[in-house]
Amino acid sequence: MEEKLLRILAEDVGQGDITTELTVPEGRMAEAEVIAKEDGVVAGIEEAKVLLESLGLNVEALTADGEVVKAKQTLLKIHGDAKTILAAERTLLNLLSRMSGIATTTRNLVKKIQKAGLKTKVACTRKTAPGLLYFDKKAVLIGGGDTHRLHLDDMVLIKDNHIAIVGSVEEAVKRAKEGCSFSKKIEVEVTTIEEALTAARVGADIIMLDNFSPTQIKEAVKQLERTGFYGKILLEASGGITAENILEYASTGVDIVSLGEITDSAKTLDISLEIVKLQK
Amino acid sequence: MEEKLLRILAEDVGQGDITTELTVPEGRMAEAEVIAKEDGVVAGIEEAKVLLESLGLNVEALTADGEVVKAKQTLLKIHGDAKTILAAERTLLNLLSRMSGIATTTRNLVKKIQKAGLKTKVACTRKTAPGLLYFDKKAVLIGGGDTHRLHLDDMVLIKDNHIAIVGSVEEAVKRAKEGCSFSKKIEVEVTTIEEALTAARVGADIIMLDNFSPTQIKEAVKQLERTGFYGKILLEASGGITAENILEYASTGVDIVSLGEITDSAKTLDISLEIVKLQK
Amino acid sequence: MEEKLLRILAEDVGQGDITTELTVPEGRMAEAEVIAKEDGVVAGIEEAKVLLESLGLNVEALTADGEVVKAKQTLLKIHGDAKTILAAERTLLNLLSRMSGIATTTRNLVKKIQKAGLKTKVACTRKTAPGLLYFDKKAVLIGGGDTHRLHLDDMVLIKDNHIAIVGSVEEAVKRAKEGCSFSKKIEVEVTTIEEALTAARVGADIIMLDNFSPTQIKEAVKQLERTGFYGKILLEASGGITAENILEYASTGVDIVSLGEITDSAKTLDISLEIVKLQK
Amino acid sequence: MEEKLLRILAEDVGQGDITTELTVPEGRMAEAEVIAKEDGVVAGIEEAKVLLESLGLNVEALTADGEVVKAKQTLLKIHGDAKTILAAERTLLNLLSRMSGIATTTRNLVKKIQKAGLKTKVACTRKTAPGLLYFDKKAVLIGGGDTHRLHLDDMVLIKDNHIAIVGSVEEAVKRAKEGCSFSKKIEVEVTTIEEALTAARVGADIIMLDNFSPTQIKEAVKQLERTGFYGKILLEASGGITAENILEYASTGVDIVSLGEITDSAKTLDISLEIVKLQK
Amino acid sequence: MEEKLLRILAEDVGQGDITTELTVPEGRMAEAEVIAKEDGVVAGIEEAKVLLESLGLNVEALTADGEVVKAKQTLLKIHGDAKTILAAERTLLNLLSRMSGIATTTRNLVKKIQKAGLKTKVACTRKTAPGLLYFDKKAVLIGGGDTHRLHLDDMVLIKDNHIAIVGSVEEAVKRAKEGCSFSKKIEVEVTTIEEALTAARVGADIIMLDNFSPTQIKEAVKQLERTGFYGKILLEASGGITAENILEYASTGVDIVSLGEITDSAKTLDISLEIVKLQK
Amino acid sequence: MEEKLLRILAEDVGQGDITTELTVPEGRMAEAEVIAKEDGVVAGIEEAKVLLESLGLNVEALTADGEVVKAKQTLLKIHGDAKTILAAERTLLNLLSRMSGIATTTRNLVKKIQKAGLKTKVACTRKTAPGLLYFDKKAVLIGGGDTHRLHLDDMVLIKDNHIAIVGSVEEAVKRAKEGCSFSKKIEVEVTTIEEALTAARVGADIIMLDNFSPTQIKEAVKQLERTGFYGKILLEASGGITAENILEYASTGVDIVSLGEITDSAKTLDISLEIVKLQK
């Protein structure tokens, strides 16, 4: 993680922060505060510490990942070389703002479901900002969501395009079961109730009901109950789910609801950095 | 750029796409289409080509960066090894969706200003997704915006925290002018009209009026005209500008208006990939 | 994979093959054959092709990964720049010899079990040559074995040291189930029958019976049958299993037997490279 | 070396050790012991320290590279963050087991020759596990052997394939002498006594008698004595030498005997890691 | 910078300093002095400290970058592991010698101009040792010169080959102004007075008079004064300027004179390292 | 080598050549010529080809490394994308100019010695531009010189600082002979005739007479002849040797004379690139 963070910083800084080089004296020490400008759930504190400490700065975290914070609340105190603080400022804030924004959105969805007395998990998808899969998904986790697959080798997930190439759900699952290690789960994305029943019958561990309406999902659940599969495999609803309609989907009997918008159209949480003290 | 794209792909794929490995036969060739699911401005086509061609796939671009597209329009045709297409699918779509989303937002703002008969430039800031500065800013450029600083050594930009450390606008500009190469411009972020006049007097090339209301900006413009600086230096308005109030700011007499939300809370454009043909 | 192979080659070559530089004329073309010196199962052909083609050499594979070959059989024909062939020779042979050695050993074990009419899978462990996990495990796969976990994030595998730290099997599985994504399996390593029953009860997907004798395993199987878990979870025997006693373990009713020696004390298959033709 | 070790660790761990993440509490401190499970020569202690210390762990080495140890002897005590210890466990053991296995085998061969009152050096070849040349050869050195060439630019070593391309031993040595720096030695691999005499005559520093029987080597030594070269150049016997017949070869009058099997079919030394104490 | 320095050291050392490994005992501590063997301006002290400290050595700098030193003066005291000091010796001296040589040459030119009562800046060009742009230019800065462009994205510099491709100075500047961010300056290289006037008229920020004689430059200055541009844009003289004729050029009225020879044919300053004390 | 060249190019270009991006149309093809502006020996042609071809440009070399060229002679013709040619121009010229400058200087020294009827080799030292060891030494080789050690593991070279630490020449050579592989030569740097005799007696392969005057060298040669070592070991003179006095040193009976100034204060050869043709 440290390597990723330093690479992001390096790209951001380019060949040096000339403003700071030119204006701030060598060896000037400063204290800075990172402050939330609006309410939300904080995420990225661990990353912030790794980043800042790897640059030789002292960091005191006044909050922890997952905590609910109020506007004007101080999240971190940073102490060290003023030049270094200024060079890292934007990278630090971009990271914290995005991760906290995602965690805040996730938590709101999770709370909504819990308040409705449901146990359905809220999962994200692989629709993230390019290259930010790790940070985006970690923010979802901090917000109380399920990260789903982090990498393409995490589990077998047979999607529409795989089925299109292979020819049928049966054949795709058969190939997966024959070739894959006993240590992996197999999920199948289906678009009809018939496919869902087939997937269950040929041994999928998880079934993703893709772009099903809540009514269609309920029908699928009913037929899986009738055939004895319900409760033995996991069911995931995906496609078309938003903050507005999430309860409708979550109450259909599925184990997981997943949404792309948590991570791919994330709104940042407004966070800023202020130099609060200077030392000679 | 190719290196960055392949690194993003590598992180995304992890240690291999096991689903595709297990289900799609070695050497199976396919044709896929990348399709817009909503109207917008396309960006990331050049990146998409670099990424796909570096993986040995043939790509035919039916659109170019900056083109306005309609929902259901095909953007790219891809031909090649089916396994490779599927492994790259998510990375490709994440990139195109984000860049096109940013370009679309930017263009809407630029058009709004042009329709009002104004020549004010729309610029983004360094508030981007962490590590995506290059791609986010390129998308702004494609949408008709100004990229502002790409890196911290692009120009001298003296901000509030620099002035806090150095003591005054005069001193900060003096240090910058003494130490920096003749090849760089110097911009100063100011929070009062007095600071703006000082910055102009000590030789700044550009002045950023930070968190000024439109009324305050007009007053600053008036005083800069009176002192003979208006027209000789560039003026940028920044802070608090949104899609809603952008015209108010753009019509104050500044040369540039800049907004963080174009890149840090970007909404993606919905784009998908479909396998359309298979070959033995 | 190409990157890994080229890094291995780079380390091997150091700062250039001076013998070849000094004795072989620039631009001399040659044809070489890679020949098995003993019977076995070939593995590493795909890697060999990637390595050689990335160096600009033409490769004709006369065998494929997993094929049984005889002594003196030609595996590959290579055509291209003589200097390049000689610089790559040792890296190529080290790779093919090791992977083929591992595949040969694995296949012998798999055949032994199949001939006894058993369906037990043969798996390797994470005891590999340092840094060669990918190549060693792929060779096991080619030999017909199961690769088990490739990486530490492939599934949850709770081992003795985890249980020692956490306090109990129950607590360890409970924490794992709460925190981990629905997409992962959970395996528990147990050292007593009681622990095995506990692990099954608290919801493990797989149980590894560590250093159990065949008799102890049979007793564990009996008790798991009695409590209704047998057949619903997977059972793996590990520890103390060798080529000699593998049938005893495989016939106890477990689903998988795993051995470290396949990969950590692998005997190479003898393979050599000969220049067979020269061109001006 | 630290970089290589961390890369091996990184590949081994993949994207994180999820079991440890899920079960071991943040900040839990532990003490672990690395223990030999059989007698042998220890190698890899320096690497182990570099690896563990670069991860922030405290290491106390109770043995040093090259020491003879007994089964059940503790090699290292490790103190630090429990999560980190567990994540590094397998990489650490894979490294120590392989290096110690190679050192043990080497030392047995060296001792055998010394007990017979001979001064012949035991050297390894470039037949190592792919990518492990440095660690495998260092283990040979620790076991008392000679590392021979580490890299292809260490000395000029004209082999059969070079001679096949160039046409003759004379021509090959001539080219090497003309082009190479005065700082390098030149070795020639020969397959007949005539070639050996030619190589000596044209100025080779070292002659490798490849696949000569002990009788043939003695005849070569006799003729080199007769022509005045014996004692002025070094003689190496290579090919067909094993632990069983090594004394026969070592007593022929050659300076060096070299064997591939020390490194390419190394048997590991059994070593394990145990958590022995926990701290809150 | 640390990364660059360590890469240079790594290339220099290759796979280890075998002389030091073989002769210097493990853990031997030593004190060394870095001493100037001739008079000059010191540069590279900051780099030296970063390099040595990143290797775990203690460094005491007795001089700072930009100081004038005398022959026999001690520049640095180094204390630490003797092996490490010796492995780094040559890299350290190569860096200090080159940077100090460049700084010394630059300072001599700057002083010459200042003594003549002129304010013309002395700038270097991009003609540096390949890959040493950063270190070479930093040495120029330390010697009192202007670094000009560090990278090709620092400013727009339209050269002869660009104009040849585009067709005219007007067209080239027009394209640059339309496409580039407001944060960048635009410089144009011209070969005639007409082109200089055109460049000024179409809005260049800086004009480079390439291979103009002092007389031609004076004429250009006169005509720019006449047309009202002189004083509003910067003028740079480049091409054919040497240590001998620099005053002639500097006194023509240009703002900057630039020379390639400062960096591309730099004479090193003679500096050596001596072990002065040993500790057990 | 390609990797090194591309890294140098990458550092040189920074984040893109904005001038070329802004002024040269996408897809414009051009032909360029690389032309010598003064007489000399060409070096770097192979590197130039690798660099340019790796960028997708076509290169026709009209000269080869080591050829003597005249002013105005065309060295290379380049054909391809105009943007790419311009972005690579400076890196290409910096490389060719430096390498050709070093080769030219080397050749002049070698010719001087050959004309005097001497066979003494001219060698460079490790005093090179930092990080350019490989390119600088290759240029020496092309100019007809000996590269001496390329890396610190090429041979054992016991220098003053090693002897200072170890205590004596005898002890240093003894340690080196015991610990090092039979494949390496041992050179000793000595400062007195007594040390030279000692080094010869204890078995050094090469003796470097450091800072000896020609008279002192002759005396050393005489005493080595008397003790029977002359002709059996190699002798190198180093320190204080320049283009002016090289013949005096070369005629003393040593095998090699070595000079730092060939590589550390190299004068470049003036070479330029011109766009000669444009295509639509």
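For reference, chains read A, B, C, D, E and F in written order, and residue numbers begin at 1 within each chain.
Following the convention adopted for this analysis, contacts are C-beta pairs under 8 Å (C-beta built on N, C-alpha and C of every residue); 3 or more make two chains touch, one makes a residue touch a chain.
Predicted model, so just to flag it, every value in this text is computed and none were measured.
Compared on C-beta pairs in contact, D-F and A-B come out with A-B as the pair having more. Matched by residue number, over half of the contacts between the chains of C-D recur in the interface of E-F, chosen from D-F, B-E or E-F. Shared residue numbers account for over half of those found at the interface formed by chain E and chain F, and the copies are therefore classed as meeting with the same residues.
Note: centroid distance chain A to chain C, computed from Cα atoms, is 33 Å. The centroid of the Cα atoms in chain D and the matching centroid in chain E are 46 Å apart.
Rounded to a whole number, the gap between the C-alpha centres of chain A and chain F is 54 angstrom.
Residue positions 14-15, 134, 150-151, 153-155, 184 of chain B are each in touch with at least two other chains. On chain A, the positions that touch chain B within their shared complex are 4, 7-8, 11-24, 28, 30, 32, 82, 86-87, 89-91, 93-95, 97-98, 101, 126-135, 150-159, 161-162, 164-166, 172, 175-176, 179-180, 184, 264-268, 273-275, 278.
Residues 121, 123, 146-151, 153-155, 181-185, 187, 206, 234, 236, 255-256 of chain F touch chain D in their complex.
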